[in-house]
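Dropping a structure here in structure tokens format, bear with me for questions.
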């Protein structure tokens, strides 16, 4: 297993290299650079912009630029954000906790709801409640995340005033206190619900169907023939089997969150990486843009890796020695 | 006249009807089956695929798929208890402890995500208050008893790490863990290779003798029946067509179906140019004729009445019952082609 | 006892000879028995037809800004009111459907074509071909879809014009999943003995792929198509909502919805954003139902 | 033996090793020696039965002979012509003479095709110029011959029972009037009653069309019923090959002996037989034992067995065995 | 400035926020309380006036930093932290207020200003302000590392300093960098590290009425009253500056979650209708225009090298101008919070020419427009409803506009094209992503012919950077000797001396010229709008921005 893991991890390296090349060239091919559009007679002048272009190395040959970028990158120097005028790594360090927090809470919602609904529906398929859950899921699957976000703000923030519509924390609180954490939680609930809802429906449906499938398996019949109580059959025998694929989804959830964060964070003005990406996109903040694009790809790689490894770990059938 | 010593029977099935819901209608997959199992005896059940062998055994276990299948009529009396009336919880006390069952597919009958040890322990925990150490000790003994070497290691293994034969041994260990009075073996060797099948048959016979269990042995292999059973039930399309002791059945099969079945199987010890064939197939549940002999449309000896009169199981000789109009009191002369 | 075996007797079994039905016909019949799917199909067809016929249904100019008619609530003249540019919402809804469905259909088609070709070539030939193609597919799949659609969209701006840019970009980035799916389906289908049989009776590779493999893979592909179709419509609208989709001057449901980013519209003019939101949700819903219907109808258990 | 003159098919030391790939770069990390040195010959009009336990390489042998797989080593001769490594058009031509009946009547028919097309496909492949009415007539004849109703032509596989499907498969195999038919467990998926129909049909067809069969099965009694000679396979090798009488009455190889004694016998009602019960399971072909493949389970194994791999040797006329016990030279060495 | 509404808004206010008007305010405003001030786009978080780049950062900074000079409602410089005197517009003597304290309690001295100027002139300095220091004598040498200090700075005592510029200019005062930088606080930080330093990001230092509390980067900033503020302790205890999403603005105002927030013109009507909120408008300093490309600029040679004749005909431009209904357009897309202008100077600027002095007012008059086109020979010769050019060839106006997520951009651009279509000029619209857009315009890329833009001006009225023919940002590539001459004259001390009126006269002449020559079509200037909760008192806005925040208070 260890050997397999190491090999699997090493295999990421060439992928990362290729992705970095692609990211670099895409960034290069993008129109303009970070300084175009910075024309403002009050704040800067053409000489300043030309000087910055030279200084930022925009006029060097391509391979030099790539080499400089990638070597710096490997050493943890992601460059300086053109928009925020600060090291990208610091910028990301500021935003990352928010995105992680949002991701974790939304995953929590996803799994919590999916388990509650999926298990119930799977245990009692074709009942009224199962149909209700199914109907609800169909609807959830059909509502694009951004529309859900817009509805949520409209309803919960504007009309009902239950939740804030933007930000990640109440400024007046000191960092680290209980109130501060509560406030963070309070701010994250709505976006996390929206983001979490994306996965909930499909996971619920998956769990339900898998439980139904599994409950018709031979080993369930065996368990019954042993005189195992029904509750134990569901909570142990069936659930354990159904949870395995679900756990491996955890890896893919990272991908979902990357894509989802882009939208949710923007809608809820939640200062995380997704929002940062769109801002850097709009402002041609290439160092940030490239770092984030590479980082997101890296996350996807990691997500797939985790999915693979988890699969090997949780499923005894394919556990590799 | 039929039941000579019904008081002694460990299991008595009377007129069992098991029905399935198919597209909103009920169909009997087992239709009026009656038989007894005496203590310490092995009863073989043979018949083509789809004739209701499994459904019958699941009915006894109370394991018909809920909502789709149910026992629609008749009685199942085990050890004086009417199983068909028992609620699930009470049934759970009996399953695995007094009646246990092993299945055809050793590959899928074990839960892939639990260790062998865990699954074996479970049956003990289901029925006894027993400490973990004791349980482990017990299961190692059990595995030993079914001829698994190095049981200490096996209990930590997962099912996929075992071969088919080993798994079937584990299933047997599981089934005999609580020393049940009755074991239902539903085609326990069909999926195995001949050499492994021989091992398992040997093992079952051994255990049966040691524990003085009764076994209902379901198979479609007449050879297996001949070698390991005391009595045989031949089923066709949800009904019993013939019932006899092994010796009688193999020496003088009476029902045309039984005869054809025997003739259709090539045998090692004799050479025939041509095998018997039974034309057609077992009718599917929904196409089952409601009156008449269900074999009539495939029977080379079928008569006009066969499609009108439902034959009853009648004792033809002692310990040999058959359900066929050919053996009814007024034997009609004329044979009717279909 | 002599039993005369009767070989010449044909096996009509107990069933009456039935009109023979191809698997497709069975699937079709099963599909049309599914009420939800049929209703969805009707809805989707209606939306598609209305969108296609938009120029004949309404005479209003979709792009023209009408300064005098801005932000009017629904009335008999403007059934769904007008937006902040004075354009008739109903008209835009119809035209928006054209664009959204066009993007959905074309992206789905391109993705399916690319994915199926790559997947079936990799799956059928195996070996290094498979290796190379699948590494490439993995590589493509490592790009977070939305992120790279946005980036690529910016890179190619001006190279390809208008809606086709988005379609191109989405198709380029979206085929990975299909390729994988088709490949694995081909691999499992290839294991079936009927493929061996086809080879052993002298079938040529193209014939085997085309006649034996693809029709059987098609069932999977069709189901996947519905999922993709819904996904692509959502992707288009989400990107347009974020401002990275089809050009703003082109009416699409996503572009219409992006009006909800203006607070006064979101709060006080629900007629501007609710209709596209609802139509979009219903469309996705109906596509999903149709997909489920097809999936059930094509369930191989029903004809294998 | 009906025709001892010249074998239709000869197989010499056939080997088929599948690579086992693993890891990210899918490197070869091992080999499954599915077939590891099979030698046999089949005469015209004869049926050679091949028995063995699951996974011992029967199907692989069949497929390698048909060149559906490219053998790793060895030689396949059809009517004296070496077809081990023919390719392209040549291979295509040769396939006409050899056809296969498959094990799984469900997986071996394309569910999307009409039965008429399935059966007619070989004809259309090889005689593209034939008129479609002609083909249709031929197919109708074939269907009739295997006992299928006329209207079967326009039906799809899913409308038939297992036995009928197997008949369709047989009709397809017959369509090109092949010289050799390899029947790979054609009845093991069928119920007893149906099984006998198919077996009888195969026998009739053999007589009618002078077919030669390689009949693969794991059921010894079925093989015996069908074959003139029988080869017993174990772990990729033939351990004994002889005519059916000898195999049953006088099996020599310990494995054959065990195999025969393991078959339940309906004639021995109530008797307690002296069964030879083998220990353990068949070893994995990925990791076969050294020496005689059977020595790990062999009740008569001696020390030598774990080191010496005995070749197939004629012990009695027409009976070849691969066992140290019958090989004087090996025993002494 | 380049940029969309959000960007233009509030720009040119680097010097704003602190008023000198101490006269306003009630006699006894309530003490204490917190107000929430919202900004609707995310600041970059550069809380250092010497480095900041966006208006939102300036908004955030406004509560805590002050300038030496301030501007009144006519954008005339007024003394604030310092007063000044000059004889010749070359050497100035600045006298600092005494007793002004930095937030850490140290006193402000002229050295802090010298420190600021030397920081900006330092070779390692990475901000955009060097142009504001460059004009001081010796700054160049210091910048090149040739001198230890800037020779033009002569410290007399802690409160007095003489500053000598490299030459006499009329705008030396408004141009020079006028913010001090706390030397004690910063001296240990090397200049190259300043931009990224924590003191810039999280712990800024100033002399203003509020000092910094908590900072949640990109999200919110907490300000605590500076009790030692030299103009008197603020009434409020706290100000929270919070970034909120544009779409949340009205909701937040309505439910009192924010007290003050800049409002987008399209939302003006909604805010006006709120009972708990006052809508405050004040003149802005930006204007929108439609530009034409008359040629190409060579950035190396600093001259216009190629000519583009397509829009050279003045009548064509005039016709296009008359075709636009500017009142209607402003009403529709800016909620009426703006007025048409006829020359490129916002009317609240002191140099702005009186509208009556401008010859043409270019009223909406499609008939006149058509007549002009007819006269110029643009006639529909092939009967397709659109005019061909005088040579009879197809004539299409290619109009470009930047795009963003804001859907109104497309509508307002489209509306312009419709005006032109109506007079028979076939117009095609191209929406382009902002940065690509400005890049294309700046580089005179193909396809850019007629373009939409906006400029915002600062306190310094000099329009040279945008209009002289040797300037990169003269985007239309308009070359006019008279214009160049006038712009030079207006800055020439020889010509105008220190006489403001004289200077204004020259600028008026220049505006008349641009009004007639129409190198661009001036569309409108916008008002700035603030939504202010009625519980907040003491807030006043003029063209220079808000009054000093220490006067703000919460009503009972």
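The chains carry the letters A, B, C, D and E, assigned in the order they are written, with residues numbered from 1 in each.
Please note the rule applied: a contact is a pair of C-beta atoms (placed from the backbone, for glycine too) under 8 Å apart; a residue touches a chain by one contact, two chains touch by 3 or more.
Chain labels with UniProt names: A, C = Peptide ABC transporter permease; B = Peptide ABC transporter ATP-binding protein; D = Peptide ABC transporter substrate-binding protein.
The structure presented is a predicted model; accordingly, all values stated were derived computationally and were not measured.
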Other chains in touch with both chain B and chain C: A, D
Most distant chain from chain D, judged by the mean position of its C-alpha atoms: E
Inter-centroid spacing, chain C versus chain A (mean Cα positions, whole Å): 25
Chain centre separation (chain B, chain D; CA means) in Å: 33
Inter-chain centre distance, chain D versus chain E - centres from mean C-alpha coordinates, in Å: 90
For chain A paired with chain D, centre-to-centre distance based on mean C-alpha positions, whole Å: 55
Contacts with 2+ other chains: residues of chain B: 260, 263, 274, 276-277, 279, 281
Chain C residues counted as touching two or more neighbouring chains: 5, 7, 11, 13, 154, 157-158, 242, 260, 266-267
Two or more partner chains touched - positions in chain A: 31, 153, 158
Residue ranges of chain C in contact with chain E within the complex: 63-65, 67, 70, 84-86, 154, 157-158, 242-243, 247-249, 255, 258-264, 266-268
Contacting residues of chain A [partner chain C, same complex]: 15, 18-19, 22, 26-27, 29-31, 138-139, 141-147, 150-151, 153-154, 158, 255, 258-259, 262-263, 266, 277-278, 281, 289, 292-293, 296-297, 299-301, 304
Of all residues in chain B, those that touch chain D in their complex: 48-49, 163-166, 193-199, 201-202, 220-228, 246-247, 250-251, 260-279, 281-282
Chain A contact footprint on chain E (complex, rising order): 1-3, 11-12, 14, 34, 42, 44-46, 51, 53, 126, 128, 130-131, 195-196, 201, 214, 216-222, 240, 242-245, 247-248, 251, 255, 299, 404-405, 433-439, 442, 455-458, 465-466, 471-473
Chain B to chain A touching residues, read off their complex: 61, 63, 65, 67, 88-89, 91-97, 100-101, 103, 105, 108-114, 122-123, 126-127, 158, 160, 171, 174-175
